[in-house]
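Shared between the two complexes below is chain A, which pairs with chain B and chain C, respectively.
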Partner chain A sequence: MFKSLKERYEKWKFKNAAKIEEYRLMFYAFKRSPLSVAGSIMVIIFVILGVFGPWILDGIRGLMGFLYSHGIIRTEPSFNAFDWSLDVLQPPSWKHWFGTDDYGRDIFARSMLGIQVSLVYSLVVLVVAIPIGIILGLIAGYYGGKVDEVISRITDMFLAFPALVLAMAISASLGAGLMSAIIALITVWWPGYVRLIRGQVLSVKENLYIEAARAVGMGNFSIIVKHILPNVISPLIIYTTMDIAGVVLTGANLSFLGLGAQPPTPELGRIVFDGLDYLPEKWWYSLIPGFMLFLFALGFNLLGDGLRDVLDPRFRRRLEFEVKGEKE
Partner chain B sequence: MAEYKYYLIRRLLTFIPTILGALFITFIVSHVVPMMPAKAGFARHLNLEALKRLEQLYHLDKPWWEQFAYYVRDLFTGHWGTSMMSGRPIFEDLRDYYPVTVQLAIAGEALILLIGVPLGIVAAMKQDKWIDYVIRVFSLVAYSMPYFLWAIGIQLLFYWKLGWFPGIGLGKPPAKIYTGMYLLDSLLCGDWSSFIDNLRHLFLPAFSLALPNAGVIARLMRGSLLDALSSEYIDYTRMKGLPERMVVLKHAMKNAIIPIITVGGLMFGGLLGGAFITETVFALAGAGRYTVMAVLRSMDIPVIMATTFLIVMTYLLVNLVVDLLYGAVDPRVRL
Partner chain C sequence: MNEEILRIEGLKVYFYTYAGVVKAIEGVNLSVRKGECFGLVGETGCGKSVTMRSVIKLVPPPGRIVSGKIYFEGLDVLSLPESEVRKLRGRKIGFIVQEPMSALDPLYKVGYQAGEPLLVHGLVKDVKEMWKRVVNLFKTVMIPEPKERSRNYPHELSGGMKQRVVIATAISCVPDLIIADEPTTNVDVTIQAQILDLLRDLRRKYGTTLILVTHNLGIVAEMCDRVAVMYAGQIVELANVYDLFKDPLHPYTKGLLEAVPIITKSREVRLKPIPGTIPNLIRPPPGCRFHPRCSLVAEICKRERPPMVEVKPEHYVACWLYAKR
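So, the complex of A and B:
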């Protein structure tokens, strides 16, 4: 049983040797650039904070309580994200790591919970917008003609708006709230993907292997799924990674303008807005949550930047040349 | 030049359906989406007579294409409704506030090009040297920061801490107001003290609005210049013995600048949107801050729809100008 599995693996390895070599090269290229490694670490941290934020906060609270009760630390940090307290507008200290806001709530705790909202934004928006973009883009690019004309004109209508302005108008007319902000962002976001996919399909379509597939008698649907889709995936991945930062920042802008989740739900952009009244003395109120958003976006941008180099075949060939040149 | 005339006519003709399309979207957003709950709300509290009269007043009893026609007519004749917040007609409010926003966006666009293009050229000429890495990291950091963080950071540092520039409100109004853009007006009537004051007041907001976009432009400029530098006609100019600076600035730039024109034009829309945030932080009395206040205080939908309409029209107009410029610079586009 095990032997046959091992044999199978050897066979697979032999058959896909070129592909494995290519992936190894990708990984090497990725590892070589410190910025992309830093980016991926930041992304992992933020995704973990986003998914498990409340539990992590509970964990830290428990740990600090334990340390305090054993006399290892002198003051017990307070992580009250929702309850009002008398510690109004306190600067960052051991008790309140990021300071407190005008209701005496802990900004560290609120920021941790705010990351979750930002992550939900970006994921939901992209999960809905990308499939719409892929389907419409594939149809428009592959069939061309009138279908393409209709889809492209509708896309153009949406792209005539600055993203933030249209998102603001939509979410205001739906009534402020997390759900309407998400709907607004989706409405603004899908046309970009249609345009990207359509452009890629137009160039992939010209390849000889597509014509060959058609000559053999393959149907349109299987040509699209088996030959065109795989070839538009890699630009899509790069674009998406960079785009997550864009969604997060636009979502933050919406919530800054009061159109995101409504209080008391903690949202980073909204916390920054609330802190504006207390500048410049209470700088931590606005600046620290804003900085968290910056780190979030920076992580995804660094990762996308690294992925772009790695997924670019020209870059890989140059690297291969360099590596093999060193060996010889 | 005959072909440029055809290009011009063709481009102008495609402009009209784009406007109508954009207006159709704002129509759906302002009429279809929020009106239904309003209608339901009215029906419960008003008698049938009053409801009918309201429907007639707002043309709600007509089929949708007639409603759309009324909507477009009202937009272009300046009947934008009354602001719940200020109690004045929205058209008059925005006539005062919108020039401030446009002025800010134009200043931002100028700073984007002034910062982004030179940085991109330097990075491309010193490829893989330390200065190239510094510029690349700067551009990544610049466009990863949200507008409001740039604005708050810059305001804290240059206004509150160092006090180099004024960081709140508009400058001294000029003696005469023609357009509402103080900078332009003070030039027109020769009021120098007001001009300097407004320039100083405009600097920090425009700078914070420009920086994220300047990062994008620097990066794009670098890539596009490197692309141009690797082409054969550049090898030829080098073989001719031209100094490197001439090669880059005169020959490679001619091709490398084309994507910058396109993207720079597209950025104008982003700047108009970003002005909402910058004006809020720097307390500028512009259309952005006016709209934000209208939304925050009273969910004033007509105000936000009017601002959206103005911004879309401005943006489409800028794109039209960019396209025409593009056609003039690059003969290949005209075909």
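So, the complex of A and C:
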């Protein structure tokens, strides 16, 4: 049993030798650049905080309570994210790590929960906007002609407005709230993807292998799915990674303008907005959540940058020569 | 041997560009017999490839087949619906595309791509069976270590290997007709010879009809049974290969043969080009399209298009020198 498993592994390894080599090169390319490694670490941290935020907060609270009751630390930190208290506008301290806001709520706790809100709505926006973009972009790029004209002109109409202004108009008309902010963001976000995919399809479909696929009798649908889509996917991945930061920032902008998440939902942009009245004396109120937002966006941008190098086959080939040169 | 497999009648293909209508193919007639190797020669841009693409209804836009009839095994291809034409492509008519370097999708293993027609036309049950067939296929096109090579990606193969893969794709369904559109461009001479040997072997093995599109007269002389010479979207001469090379009739064919450099002659007379350039096909010259470059031009050539006449048995030419006025 054990032996056959090993045999099967060897067989698999042999069959996919080219793929394995390619993935190793990808990993090497990624590892080479410290910025992209830093970016990916930041992204991983933020994703973990986003997904498990409330539980992590509970865990920290439990740990701190334990340390306090055993006399290891002298003050027990307070992590109340929603309740009013008398500790209004306190600077960062052992009790309130990031300080408190004008209602006496703990900014550390609110920021942790805010990451979750940001992450969730950026994902929702992209999960809806990207498929719309892919489908319309593929159709417009592949069929061309009148279909392309119609789709592209509609896309242009949406792109003619500055994204934030259009999003503000939509979300204001739907009534301020997280849901309307998400709808507004989706509305302004899909045209970018249509543009991206359409452009890629236009260049990919000129390749001879598309012609060759047609010459062996493949239909349009299977050509699109099997030969065009896989060839446009890597720029899409890069763009998406960088775009997450864009969605988060635009969402934060909406909240900042009072149109996104409504109190008491903790959202980073909203916290920055609320703290604006107290600048510069109570700097921690705006600046610390703002800085977290900045790190969040930076992480995704660095990761996207790294992925661009990794997913570019020409770059990998160059690297391959480098690696082989080193071995000699 | 005389049974027809493909007949093209009065084919006209126009390209509707911004600059005007390019009359790329203007009334091409030809017929290809079962089992023969038919050569189609002419300069770059004379419409060889477009003619062949019309056969499988794949004229690249903005080109359009304006009129004409194409019969393949008695089927009127141009009036068939798209879904029926797709059943011909790859299954009955194999197409070897130009430029093997970019004819393979970089994301798939070459074996998968060579077997794709089998899947598309439902000739295999599943992918597993396809892979088995592909290994045999690679053996047929003489790829060494077929099993290992079939698992490679296009970037791991050389140009000659890729060309073999492209040929394997074209013959995977054992088509009745193979159209090879300049199969030897972009590969060097030794590989060119190997590819031609391979095509010849395949023809012997399966008895497939082969249409060879090329601008290389050497290849034609070596491979083909019958040849059609194209100039500016029209066929000017059609004959069996022996007659054409021994006794070319059309001034253009003569010019072409004289333009082949002869290594034994002195440098000054080694190469004799045809004067002038290919005409602009948006406003082609009236009458015979070759007349501005022809040394034997007469008055009628400038006015009327010469008819195709059978000067000798099986030797057709479109030139006023041989036609009755």
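Throughout what follows, the second predicted complex is superposed on the first by the 319 of 328 C-alpha atoms of A that agree within 3 Å, B and C clash if a C-alpha of one lies under 4 Å from a C-alpha of the other, contacts with A are read in each partner's own complex, and residues count from 1 in each chain.
Here is the rule we go by: contacts are C-beta pairs under 8 Å (C-beta built on N, C-alpha and C of every residue); 3 or more make two chains touch, one makes a residue touch a chain.
The shown structure was predicted, so the numbers you read here are calculated from the model rather than taken from an experiment.
After superposition on chain A, the partners chain B and chain C are accommodated together without colliding. Here chain B and chain C are compared by how many residues of chain A each touches, and B touches more. Of the two partner chains, chain B is the only one that A:301 touches; chain C does not reach it.
In the superposition on chain A, A:245 makes contact with chain B only, not with chain C.
With chain A as the common frame, chain A serves as the apex of an angle whose CA-centre rays point to chain B and chain C; its value is 90 degrees, to a multiple of 10.
In the superposed model, A:15 lies in contact with chain C only, and not with chain B. Look at A:291: by the touch rule set out above, it reaches chain B but stays clear of chain C. Residue contacts after overlaying the shared chain place A:158 against chain B, while chain C stays out of touching range.
Think of it this way: put the two complexes on top of each other by chain A, and the tightest Cα contact between chain B and chain C is 11 Å.
Counting contacts as defined above, no chain A residue meets chain B in one complex and chain C in the other. Residues of chain C touching chain A in their complex: 56, 58, 60-61, 86-91, 95, 97-99, 102-107, 109, 113, 116-117, 120-121, 151-153, 155-156, 166, 169-170. Here chain A touches chain B in the complex through residues 35, 153-154, 156-158, 160-166, 168-170, 172-176, 245, 249, 252-253, 256-259, 269, 272-273, 276, 279-280, 283, 286-287, 290-291, 293-294, 297-298, 301-302, 305, going by the rule given at the top. Interface residues of chain B facing chain A in the complex, by the touch rule stated above, are 17-18, 21-22, 24-26, 29-30, 33-34, 137, 140-141, 143-149, 152-153, 155-156, 160-161, 269-270, 272-274, 276-277, 280-281, 291-292, 295-296, 299, 301, 304-305, 307-308, 311-312, 315-316. Those residues of chain A that touch chain C in the shared complex are 15, 17-18, 144, 207-209, 211-219, 222, 227, 230-231, 313.
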